[in-house]
Every structure is written in C-alpha cells, then in structure tokens.
Amino acid sequence: MLDAMRSDHARKQRAHGIARAGVREERSAPAQGRWSPTSRSLSGPDRQKADNVLAARQLNRAAGTLAASVLADSAVEHYRGSFKNKAMLTPIVVAGLTLAMSLHGTADKRPVAHNARDTSYLLAAGTGLLGTGFHIYNVTKKVGGFSWQNLFYGAPLGAPMAILLSGLLGFCSERLRANGPRRRPRVLSLPAGKTVATVAALGLLGTSGEAGLLHFRGAFHNPLMAIPVTLPPIGAGLLGATVAGSGECAHRATRWWMRLLVAMGFAGVGLHAYGISRNMGGWRNWSQNILDGPPLPAPPSFAGLALAGLAALELMREASDG
Amino acid sequence: MAERSSQRSRGSVYPGYDVLAKWNSPSWNDKTRDVISRRLAVANDPRFFTAEEFQSVTAMADRIVPQSASHSRIPVAALVDRKLQDGIFDGYRPAGMPRDGDAWRLGLHALDAEALSRHGSRFAEMAGPDQDALLRRCEAGGLHAPEWAGMPPSAFFKHRLLQDLVLAYYSHPAAWSEIGWGGPASPRGYVRLDFDDRDPWEAAEAKPGDELAALRINRHVR
Amino acid sequence: MSDDPRHSPRARNGRAPDVFRPGRWVSMQQYADNEAVDFVIVGTGAGGGTLACKLAEYGFSVVALDAGPYFRPLEDFASDESEQTKLYWTDDRIVDGDNPLQLGSNNSGKAVGGSTVHFAMVSLRFRPEWFKARTKLGYGADWPIDWREMWAYYTEVEQALKISGPINYPWGPPRPRYPYRAHPLNAAARALARGCEAMGIAWTETPLATLSAPRGLAHPCVYRGFCVAGCSTNAKQSALVTWIPRALSAGAEIRDLAMVGRIETDENGLAVGVHYHRQDKWHFQKARNVVVAGYAIETPRLLLNSATDKFPDGLANSSGLVGKNLMAQANQAVWGVMEEEVRSYKGPPSLAITEHWNYADEGKDFFGGYCYMSQGPLPQLWAKTQASAHGLWGARLVEEMKRYNHAVGLKIVGEMLPQEKNRVTLDDEVDQYGIRIPRVTYSWCDNDKRLIDHSIGFMSRALTAAGAKDIWIQHDDTCHLNGTARMGSRPDNSVVNADCRSWDIPNLWVCDGSVFPTVGGANPSLTIQAIACRTADRIRSLARLGEIRF
C-alpha cells in the first residue's frame, strides 16, 4: 500500500513536472517570441518561422497534457478491467509514446516536422479511432446493449477520443513546423489557427459530454459537478466565435476563458481527490476507491484542450496581424 | 447431483487461499476482527451441553459437515454449544417443539434412545454408515421412541440438527476459504462485478490442470 | 456502564447516537413519562420511523419507542452473518398451519429503524390496479386510497431515500426520475437480464434504497454484499439513517430497548398511553394518541394483549379482524450453476428485476402477480438453503458448497391472497417480559400454489436460457408480512380507515404493513413509508379541522 502511495505520489509529481515545464515555457516564451525586443529585431521571415515553431511547441504541450491524462486514465481503467483483452494495453503504450514525443516536441525548436513524432501522432489518432470502435463493441455486446446501464458502467465511449485529439493536435503541430516562414500557417491547406481552434472546440464539447454523462451517473450530487458541463461548452462557443471572425475583445475574452479551463482541469484533480476521500474508507481504502471513486486523471484533459485553444488563438492572431 | 458433485471433488478448489490473510487489509474493520477473534478462540469443549451430549453433537457434525484434512478442524459442536449458551435462538418454532436449547437436549436423548434400541450403542459409538442411516430416518420422520415426547423428529432434524450444524460450520473462516468466498468486506467492498471478474483481493479458482496458477495468485491475496 | 447497545439504552440523558460518526452523539429532546405527548409511537421501522419524523416536523410532540437497540452502523456492524443476527426479532414465537412460516430473519427486525436496517432495499411502487384489486382485478379487497394519491407519496419517499433507479421504468404509468442513478449490475443480475431477453420480457435495474453517490455524511455503496446483514457503509437508506435523524432534529424523542407490553385505555374507551419495559422496569408513557407500528405480528399481538373489560377481544377489534388476513409473500426460487464465475456475493443481492408478471394479465391461471429478482446469498444463508431446501448434507453438501462462486438464482416476491384463517393469535406461553407470545398460523390457498407453480416454471426456463445448468427448485420460502389490521371503507370489514385510524378508538392508530388489505407482488417497504407520509398529512389536516382531540 505504501508502495502504491509512493508511486501515486510520484505520478502526481510527474504531473506537476509537466505543468511546471509548461509554465516555464510560458515565461521563457517572450524571450524568443514576438513580443521580445530580440524577436522584433528578427527579420520578417525568421520571425514568422520562430512564431510558427513556438505555436507548434505549444501544441506539442497541449497534446502531451492530453496524452498524460489518457495514459493515467486508461492505465487505471484498464487495470480495473483486469486487462482481460491484451489490446487494453494499447492505449497505455501509445499514450506513453505520445507523451514522450510531445515532451520531445515541446523542447524541440527546429522548424521542421519530425518523422518519429509524426508517426507517433498518427498512431495515436488511429488508436483513438480503433479504441472508440472497441468501446462501442464492448457496450453493445453487453446484455442490454446500448442502454444507460452500459453507457454508465461499460467501456466509456468518449474516452478513446482523447487520444485521438492528442494525436490530431500533435499532427497539427508537425504541419505547423513544416510551414517554414509562411505568413499564414496552414495545416493540410487549411488555415492553421482556425483548424486547431475547431479541433479544440469540438474536443471541449466532446469531453464535456463525457463528463456530463458520468456526473449524471453521480446524480450531480455536488453542485461543483456542474462546472465541467458548463464552462467548457462556453469556451467552445468562444473559440467558435473567434474562428467565425470576431474582434480583439472577443479574442481576449477567449484567451482568459482558456486559461480558466486550464485551471479548471487541474483543480478537477483536487476535487476528484476529495470525492475519493468521501467514499467508504477514504484513502485508506485506495485499492477500491481509486477505481470506484471519481477518476483522478480525467479532468486534465480539459487543460490539454484549453492549451490547444490558447495556441490556436496565437496562430489566428498572427494570421490576422500579418 | 451427488454423482456430479463427487466428480468435482478434487481437493481444494481455491488452493492457498486464506480469508484470514486479509485480517489487516481494508476488507476487515475492528468490529469484524473482534467478532472473529472470539469465534476463533472457541475451545472444543462443552459449556451448554453435558460431556455426553457434546460427544453426540460432535459425532453428528462429522456426518452433516464432514471436514477435509486440508484445513484446520472447525469446532462445529462447540460453536453450536456457545450459540445455545448465549441464548441466540431462531425466534420461532413449530408447534410442539420446545425452544432451541431444550429441543437439542430432547433430540439428543431421543436419538441416543433410538440408537440403543436399534444398535445397542449410543449414537456417538455407532459406525458412520449406521449413523447416516439413523439420521436419514430422523429426517424423514420415521422415528417413534417415546423419548421424543411429542417433538416431531423431522422438525428436530430440519430446524436444529441440520440447520445449527451447517450454520456453525459455515460461520468459520476455514469454511469461507474452502468455498472461495471473499469474506468480511468493510470498509473495502468490491469493484469488479461482472462474469468471471475477480478483484485482486478475491480468491482465484483453480482451473483443472492449472492449479499452480491459482496457488500463486492466492498466496498474494490480501 | 456497558456500551453494548443491546444491554443498556443509548438514547437518554438528552442525547441519541449519531449514526454517521463513531462514538458521537446528537442532542435529543426528552419528555417525562407523565407528560402527555401528542403521539406515542410503538415501533420505529418503515411505518413508525417515517411517521415519527413527519409528525415531529409538523410540530407535534412525539415519543417513539422501539424494543431493539440503537446501533451506529459504522462501528457496531460486523461483516459477519452470525453476529448480525442481532438485527432480527428472535423473541419466542410459535408457528403452525399447513405451511408454517419461517420467522426471525428476513421478515423481522429488532432495532431502531426496524427491519429496514437489514432489508434488501428493494423499493417498488405498487401497480395502480392493486389499490382496487377487488373491483378491477376480481380478488382480495379494495384499498380505501386512490392510486394517484399514493403516486405522489411514493415520489416523496423516493426523494427522501435518494432511491437509485433506472432512467426509464418499463412498467406502469410514468414516474418521476429516480433521484440517484442505478447501480452497476453484477453477474447475477446480468444472468437475470439474459434470461429475460431470451424469454422476450422486459427487465430493469432494481430501484434500491442504497446510495450510488455520496449523500451528506453517508458513503455510497461499496458493493460488499452484506446488505441483508446490515450495512456498515451507511449507504443503505434505512429508517435509522434517514427518517430518524430527521425526527430527532425536529424534536422527536426515540427510546431504544423499550418494549411496549400494553396500551392503556380509559373508561371512555380512549387510549391514554402505553406501558413499556425499559432498564428492568415497567414505565407508563402518557399520550393523547397512540400509534401502533410493530409490523404484522407485533401489532396485532399488542392490540390483543391490551384487552380490557370494555374491549374483551382486544383493542380496535369490533370487526373481529385484528390478527386475521395475515399475508406473507411467496419467495420461491430457482437455482442453478453457471460455467462462468458469478460470485453473487458482490453487490446488493437484487440488482436486476422483472415485474413482467405483475403487469401482464394474459396467460395466468391465478389472481395477483409476482416479480422476480437476481440473488446473492452469503455463505451461511446459501449453506442453509442447500441443506434445508435442497436436502443436501454430508459430503454432498460440502462438495456442492465449493460451487458457491458459480451459483446463480432467481427468486420471486409473489402475491398471496388474504385469508381470515391465516392469522396471529395469542399463545398461553409468555416471553422474557412476561407478555403472551404470538402464534402464527399460515396455510397457502390454491391460488397461492398456482402462482408459485407458474413462477417456478417460468423462472426455470429463464434460468436455463441464461445458461445455467443443474437447475433445482426451492419450494418453501416466504418473505414480508402484511395484513392483520387491514384498512377499509367500513368498520365491519376493516380495523382502520384510510387514515390508519382505528374505527373503534379514535385516538388509536396503526401505521405499518398490517394495514395492507392486499400485498401485491412487490416488496412492501416503499408502500409502508408512503402510507406513513400520507397518514402524517391526514393527521395534520384533521388536527387543523379540530377532528383530533389534544
């Protein structure tokens, strides 16, 4: 039990490490980014190239946050499922790889796409699609089929989408790097900022839907359980409005809202930890309550998507600046 | 059913599993440890029964819930004895039947009387198959010695002899381990509820030909 | 002073046990014996506990007495079947008739909270037509209450107990959303579902009075499976952890280990209080109204034991019906063995249900209905079932028990018809308090037997279709006890009126399962609580109209 608590502690520290790395990135960004005097002194194409790489790295970070959430969540949930099917190891391996690649990408300042990262992100996206198929199959083959019972307690239909989103964001990041000094960066011939914003907005809506289903299962017994079904859809709406074209004011509001969602994602872990402590035996009964209580690693997926939203806002701003 | 059951008789179905290994786990709380400590401390001697009665109850227990050598001996007769001593009764009785403790005394003496008249010895001294035969007669109500004093033998068999001995045997952790039950469960209950689902703190069943796998798992069940 | 709640009372000195915190207390208002309270209630289970809460919340002074101890589940309940028999009413009783009842366990309770402390939590509404069984279905007797009124009270109770239930209930008129979501199904429940789907009938998750999410200081269910041995998680929404804490905070007094032996009546034929035994002494509590809520055996026993010269046949008995029309419910089962591991000891025992044969009228050769549910017997109960119902002992029993983790079963709760010959009378023997003990006489009628045969046939096919082998039948079991002080529309055909008020003694009330004219094929606890809520509302209305003397 101590061992597990230690490893639990270690996992938390790792999660903190990711968050801290992110914060450091934010702080150091101006040093290389377009607001810094040095950046301003760069010539146009170089500056643009640096901006694109910065946005790409932000996306790597977003993809990594999502992957970390998937890694921990699928590990816990599939352990609960006793790994009855060997395929249940897949998301853990793939999310681990995606996380590693995302860390690599976050540190990588080169303005070129990276083959291994690219492959791993596509693999993540593929895993997400395949996983969704598996989970749908799992739900429908149970007695009662596509029923509330199986939606609540069977394999969660929305969960594999998180690794798909992580892959998509990472894939966008690599395309962004490949833009070189292009003024209006594109992803597969679509405008990059709007594409990423759309992915993030849809991701927020989907994740909010999943939280809604599970919090409905918990009968919204605590009013705070309404937060992840209200704030993220508003964020998605704001992102949508910026994609549709709106003023600086809306941009600023959206940026603040995304920051709020990042905070919400990490605060959610704390609230879920409190939820676990309220179950019978509290943390002493961790071997049951980590599995039966609210899932600790789930809420940060909101943070990952909101980070992607922030990156998208930067890209859109640059595009409109240019 | 008996044939099928005996075909399945293959020693331990849950090799190496011991409910008591979970004593300090979150599956046991203080109240449960207190209750089970007292049960495990029950000495194999009579408090309620006389020595002679106790001998009979022990002999009956060996016929009703025969014990395998694979686990430590469950003091079935003593567990019944303590229950009667503590006045823990069913709370109802068919008309014509005395309350639980009195019914036991009456029934034991009547069965000994039947044994003496049929076999010339007390119940405890009879051979096993003869004991079974007498118990079956009792179960079917085919005994009529005056010592029954109006108590229907079949009611005595069903409500006292059979029920009390069976409940006593399955109140013991050794019996729980034998059948692979999870045992006490509070504050920790269970997580995995579906077909063929097993929590890490539950017994693993030996699959024919692969008993070792279960043994390995069960040694670590906590 | 012993802290064993079975030997010395806990609710005294202005405080009562806090059921949510080990070793802690909550404050409690107290009344002197010679202070006439508005209501003295005998029994604190589904009927008495609920009524005590509602009446106290309406501002009446209430003292509720229970013969049993006042437990704190978190610290007093062991994970052990033997130990937990302390929750049962095991005072001496005699059974006879063609089909003598088994008492003392599932159909009894001796604790503050009554048998709700160990009930299986199944919280079903009655089928609307059952309230007019005689007129609409041609059997039994009509209730003097309209089903639509009951529907509103069912909702109140479901909310009060935070019932966990399915999103859509397949049978009967629409009902509001259950406050909490259904629990996950265990394998035993999925076996029931498989069987129903194969037989082409509907099934659903059983509405249960156990939490699927936290509620205040109560934890959600941990699926430990000891429900009928008492819930040490506090997930079970028994009267002990729902109505009674509310009653206390509204100013009611609960007296534990207080056995009522006699209701006192005066020369005007009115009740004036109750004699009760507590701490080795007899006491007399004065009251303006007396409510009897002791369930279908103790309620008639108390009314009969309170006979006087003026009421030589017992109180409230001018109809001669006190103690008569006792109705158990059929509780037959079909058992088998699955290839897969089932381990039905995990989770509440009855997570899935079908009420098909409560609502379908075609293809029946009997009156009434039944539901059936998945099962999860713990080892002692399972061994007892194998021994006494399956006839196994010796090596056959010990070997069969090794298949415990593969066993699966379906069990009915079936309607039995009211018959006057099924009854509670007084025996000449006395119990530990010196009070005459009850004799309970029970025989099945032909209709009961036809219902049982139908259910066994159907469940055998369903269990086989679910994949079970070695099917066998448990023929003799019953559950729940109702009747014996039935409500009705006339003094000559009933003991109490629709308000649970005695026809004969206007300040004497009966509020428990005894008042049921028919039982239906559904567990009665939700209906008992709904009736109690209705009775409280009626008492408040009658008091405002000046129709109750205080």
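Descriptive notes on the structure:
First chain written, first letter: the chains are A, B and C, and each begins at residue 1.
In the analysis below, contacts are C-beta pairs under 8 Å (C-beta built on N, C-alpha and C of every residue); 3 or more make two chains touch, one makes a residue touch a chain.
Computed from a prediction, not measured in an experiment: that's the story for all the values here.
Nearest to the common centre of all protein CA atoms is the CA centroid of chain C.
By number of C-beta pairs in contact, chains B-C lead all other pairings. Chain centres computed from CA atoms place A at the largest separation from chain C.
Per-chain CA centroids place chain B at a distance of 30 Å from chain C. A straight line joining the Cα centres of chain A and chain C is 51 Å long. The geometric centre of chain A is 57 Å away from that of chain B, both derived from CA atoms.
The residues of chain A that reach two or more other chains are 280-281, 285, 288, 292, listed in rising order. Chain contacts: chain B has residues 186-191, 197-198 touching two or more partner chains.
For chain C, the set of residues touching two or more other chains reads 184-185, 190, 222, 233.
On chain A, the positions that touch chain C within their shared complex are 142-144, 148-149, 152-153, 216-219, 221-222, 275, 278-281, 285, 288, 292.
Touching chain C in their complex are the following residues of chain B: 1-2, 4-6, 8-9, 13, 27-32, 34-36, 39, 63-66, 68, 83, 88-95, 99, 132, 135, 158, 162-163, 166-167, 169-171, 175-176, 178-191, 193-198, 202-203, 205.
Chain A meets chain B in the complex at residues 80, 82, 280-281, 284-285, 287-288, 291-292. Residue ranges of chain C in contact with chain A, taken from their complex: 162, 166-168, 179-182, 184-185, 190, 193-194, 197, 205, 212-215, 219-220, 222, 233, 235.
Those residues of chain B whose C-beta lies close enough to touch chain A in the complex are 26, 186-192, 197-198, 200-201.
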